[in-house]
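Let me begin by presenting the structure, written as structure tokens, before commenting on it.
By letter and in written order, the chains are A, B and C; residue numbering begins at 1 in each of them.
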Amino acid sequence: MASETMVMPYYKFNVLTGTKAAKVIADPAEGAAIIDRAKNPLYIFGPEVIANPVGACLLIDYALKIAKSRDMPICATAHVKKKMLELGVKPDCTYDIIEIIHFLKDKNWSGVRGKGYHDLVLFAGVRCDLAERGLATLKHFAPHLKTFAVCRRSHPNADFAVPVIVKGDKWREYLEGLIEALGVKA
Amino acid sequence: MYPVDVGPQYEGERIRKGEFQVEFGGPSVSHKGELATVRGLDEVEHDKITVTGPDIKDLPEGYSGSFFIKLDVAGEALEKDMEAVLERRIHQYINYIEGVFHMAQRSDVWIRIHKNSFKNGLNSLEHVGRILIDLYTAELPVIEKMSLEFATDPARVQELLGGAMKVYKERDERMKGLREEDVEEFYGCVLCQSFAPTHVCVITPERVGLCGAVSWYDGRAATKVDPEGAQFAIPKGNLVDEEGIGYDNVNEVVAERTMGESTRFSLHSALSYPHTSCGCFEAIVFYIPEVDGFGIVSRDFVGSTVVGNPFSTLAGMASGGKQNEGYLGVGVQYLSSPKFLIGDGGYSRVAWMPSTLKELVQESVSEGLLDKIATEKDVQNVDELTEFMQNAGRL
Amino acid sequence: MSKGKMREEEIRRIIRADDEWEPVGPTPMPSLIDLRNWDFRLLDTYEPFYAPFCDLCCLCTYGKCDLTGNKRGACGIDIASQQARWILMCVLMGTAAHGAHGRHMVDHLIEKLGADTKIDLGSQINVEAPIIRTVMGLKPETLGDLRKAIEYVEQEMIHLVSATHMGQEGSYRDFESKAFHAAMLDHVALETADIAQIVGFGFPTSVADTPLVDLGWGAVDSTKPTIVVVGHNAVTANAIVDYLRQHDLYDKVEVAGICCTALDVTRYDSGAKVIGPLSRQRFFLKAGLADVIVTDEQCVLTDIPQMAKDTGAALIACSDKICYGLENASARPAVDILRAVLEEQKQFLILDPERAAEVIVQAALALAPMRRDKKQLVTAAEGAALAAKCRGTCEECNRVCPNLLPVSVAVNQAREGNFAKLGEVFLRCLGCGKCEEACGHQIPILRLMQVAATRDTYKMRAGRGPIHDVEIRKVGSPIVLGTIPGVILFAGCSNFPGDIDEVAWLAEELARRKYIVNLSGCAAMAAAMSKDADGKTIFEKYIPEFDAGCIVNLGSCVANSHVVGAAIKIANIFATLPNRANYELMADYILNRVGACAVVWGPYSQKALAIGTGAVRWGIPVVLGPHASKYRRLFMSKKEASDWTVVDGRTKQRVDTKEPTPEHMMVVTETKERALVTIIKQCFRRNDTPPGRAIKLNSYISAYKQVMGSLPDDLQNFIRTEKEIPIVYKREVLAYLKEVGWQPKPVLSLPTIIGTYETEVPIEATIK
């Protein structure tokens, strides 16, 4: 399925005023391929991962599987750490959302695990208006990396965005498709 | 870790009459007390917590009764002199416990435990003991062994209290009797230097730190326990100023610690080379030229003093780490010192002070003189003060 | 521009340089670049972080210019500088709003009382204007002196606005420095405005225990003729209260306010009602409970004339800032105006406050009996009928909601008579009305909320103005010795990310940890809107003194100046450093030694941006709610990786302190839980004594464990020696420090950044 350029996200206040917009990844398999190509991906979790249900689970349950598939370091922003510890997973980093973006801008930063800069940054669960601002920062000031907003509300300022998915079960299918294509049982 | 939370944010909690599960000591109970004793290393069994008599969970809701805390410590670096300092921490640490308050000290102690804390699991004095031992040993590694006994059995309380009363008396005699001449070292404190870079407090057995928080004993304990802290020893050297009281080595330390801003302190004079003040003092001694005498005012005094300025304005003149002739910031306890302002004539030169302060120091002032010191109830300004003193035959 | 001799003499004359209350410092009435080195020094450590809101610049006719990648505008501007230019423009708007308010207030009061009217803030306040004293070098004694302060602000602003023109400043660092300058002027304007109104209107001063006033839309007794004043400038509201008193109508007419006008009118008259913050404006006005709506200035909705028409209320606009295209009736006789209001339903602009007051009150008295049916609130049955067309499937309302609320779910459930979800939405609603605008079925969602909105009345403390000199003396020592872990200011607007009571939660979490908590403006109002199990708000539970564990309402937005003032007073009164024309010395002191933090949890306005930017220049870090990301700029360090070298004032040597304090000067946090630990961390200061640091660390560790579930992940950055480990956590912290290979760090009692950059201020000045 050909991917298209993002025009109108779910939240209309996030509409892009500019010329450079996200590529919409409608097929989760293509999303998995993007993740696979990355040499040093990073996953950023915002507080909605622990607040938003997806089917019978929470968004974090899916996000953790995606992260685990490629042993991706996780940056738990806001107060996500507490829930992660309850789930038995220790985040690699607890920089808050603006802090991690501030560091990501610097190509010379050694990254969350000291292996050098991150070339692909995934986002889940950050409040959509705040997320769009953070993505704008990286778009303008971090040309050395690409961003993938794994969020069904869609994000024009990301490099790669999920299409607007209104129905909850379609969102679950997308996430499960992504996990399956990555090679971890959903 | 503990059934309730613990931390300095719980100091100052109030627990009202209907809110406590149990009350130990306090004004409606006749026998209560606490005592810290430094013993030999072989005399103390570390971590031993005993409850003699019914425990919290055995007592009915709303119980109020006699109580004693017996705290025993041992350690190479501990000395008998430190007992009072260690004992005061019972108050501080018990107040750290969520839903528990501790008031006063010695045979006046008063403790209440909130019903909510009891409900949350604070149902035994063993918990309190555990918290105390953990806090004491965390702060003071010089304590090598510590044991606690909590007595709620009235007979045992009376027994322990009897012994304690003797110890309190001995301590008081020792403290009262201790003179600057009797010791080799004083203690310095520079805690306030980030606000007053050129200020240092010189603390002697007869001159408490001007914030009121550090006595000579506190300085001694702190220096032993934390040699790199804000308090340090000052070997006094030789007496070089017999009137205002000054020592050569003290002056050398003063010069060094104040970066040369002051080079000489008269420890008991407000007029000649006075001790500097930061801004934390509890009271101010100020010179009143019209009567060639002094006024004293404390921080809690509201309104104008006899010279027309309130505490806040006088504080501006006394503070800042400079030697301000005629102004001296002091701790309230200093007002009862045998050497109070001895370089300038002591209470014979004091003309005015608030009535509340006067009541506090009445035992330190000779009876005949006490009535001749004016208060805010007698005079409102310097003219009236002059008249008052003339009538009293002091001018 | 460097000052010529004549200008320097003029400045000396303006500030009465020969008055000997303190020697004049190096920067009396600084102009655009006089404090530039200080600004650059801050920016060296706290780099500007930009989050562009728009990829384009549309300012001039060469545009639109695409600034993505390495592209520059036609004028050569890049994306970073364009954001910084935008910041400067917005800060200037904020400064102008406060400055014009101050100008209006001062001119009005000079007309009424005379330029020689003395400034007397009561027996507890000697240092009456710490900001004006520090920035200008003037000790203002009269209203005429306050006019000098406004003139200074106005004079500087023209240069700053000029710098935003196309083809002016080209460096983002200099744009930020100019923004700092504009923001500093904003603080001068704030202080001027509040002192003027305290002096001119007799607002409480030198009193801590101000009355508790009623707050909430449920507090308004709309059975009486009801006047609602919206805005920030209390001249008109006070005139209304005066008129009522003079005509023995005080108990017969209800006066209520929305936004800061409410805070200020309740300082004048504690019987007035506070409806709530800005986020309640549209909701309340659409409810039709006001018989007369009065607008003054700032944060006033621009479609109020239509809302008034829709509800049959009269509208009188009273400020030249908001004229709404209405006829200016200021010179017409009141009787004429009133007739036109009542018979022709005309709306007017009246700039004479006394005339306006007469018309407003008389109109309210006349309209109230005729409007009884218009004041009926929507019932549940009516609400369900209004929502009948919603199926909850188009979600257009959700898609335009700036606070990301599930409006469609709430309205769909309301259709079935269940208003619980709508009640939850109401708690987070910002009152923008975009949902009803987007609704294809024209469902009047804001009116529907009347069914769900709680009609509780809350108690809020009336604003008390400046902090007392005696209070400063009392807390100076505990701040040093550590019993007080910090001074917090909750300021700003009500664009909250979550429930309206999050500010109350944060305020209480900090007050119970013994911080000194101050509130102002919409934040103060929102903080009142939360009751505990005993039905008490935080203002009823906590003592209103400037002391540990207490909660203070300073007043309206202009009262924010008093927390900056308190920080200056700590340096000036308690530590006896001279502040006259000594900006850098004061700011350096505050940055290094006063543990203060400003929190704006729901910022929306350009005024809030100005206040926050000004705080940063003073050395006070700011923590913001997530909507603040749309301001486009923050100030962040690289945490432990940045250079934390300072000068030890005692030895005059440079020392690498190795600790990031304060860590960031302006940062956004997403959730209140993360905000709590961030605020606590921002109160650490380089000169903390070991006992003080231990108290602060105790709060940090206990809060972090509470919300994050572990010891702080950066704890090792803030422990300098083992002594300052809080004893309650000592064992586990020691084990943790060993695990991460912690090394001790230097402890300084006189840290300063004077001497780490080029400045006229000598290092000796920091020690005095």
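As a working rule, a contact is a pair of C-beta atoms (placed from the backbone, for glycine too) under 8 Å apart; a residue touches a chain by one contact, two chains touch by 3 or more.
The shown structure was predicted, so the numbers you read here are calculated from the model rather than taken from an experiment.
Participant: Hey, how far apart are chain A and chain B in touch steps, shortest way?
Facilitator: The fewest steps needed to get from chain A to chain B is 2.
Participant: Quick check for the class: compute each chain's Cα centroid; which one is farthest from the centroid of chain B?
Facilitator: With centres defined by C-alpha atoms, farthest from chain B sits A.
Participant: Can you give the whole-Å distance between the Cα centres of chain A and chain B?
Facilitator: That pair's centroid distance is 59 Å.
Participant: Where the centres are mean C-alpha positions, what is the separation of chain A from chain C, in Å?
Facilitator: Chain centroid spacing, chain A to chain C, equals 34 Å.
Participant: Centre to centre, by mean C-alpha position, how many angstrom separate chain B and chain C?
Facilitator: 42
Participant: Under the touch definition given earlier, write down the residues of chain C that touch chain A in their complex.
Facilitator: Contacts found on chain C: 47, 49-56, 66-69, 79-80, 395, 398-402, 404, 497, 626-627, 629-630, 632, 634, 636, 638-639, 664, 667-671, 673-674, 678, 707-710, 713.
Participant: Which stretch or stretches of chain A touch chain C in the complex?
Facilitator: For chain A paired with chain C, touching residues are 10-13, 16-20, 46-47, 77-79, 81-83, 85-86, 94, 96-99, 101-103, 106, 126-130, 133-134, 136-137, 139-141, 143, 166.
Participant: So in the complex, which bits of chain B are touching chain C?
Facilitator: Counting only chain B, the residues touching chain C are 5-9, 12, 96, 134-135, 138-139, 190-198, 211, 213, 226, 228-230, 259, 278-280, 299, 310-313, 315-316, 319-320.
Participant: Which of the residues in chain C come into contact with chain B in the complex?
Facilitator: Where chain C meets chain B, its residues are 123, 126, 469-470, 473-474, 476-477, 480-481, 483, 512-514, 549, 573-576, 593, 649-650, 687, 689-691, 695, 698-699, 702, 721, 723, 726-728, 730-731, 749-750, 767-768.
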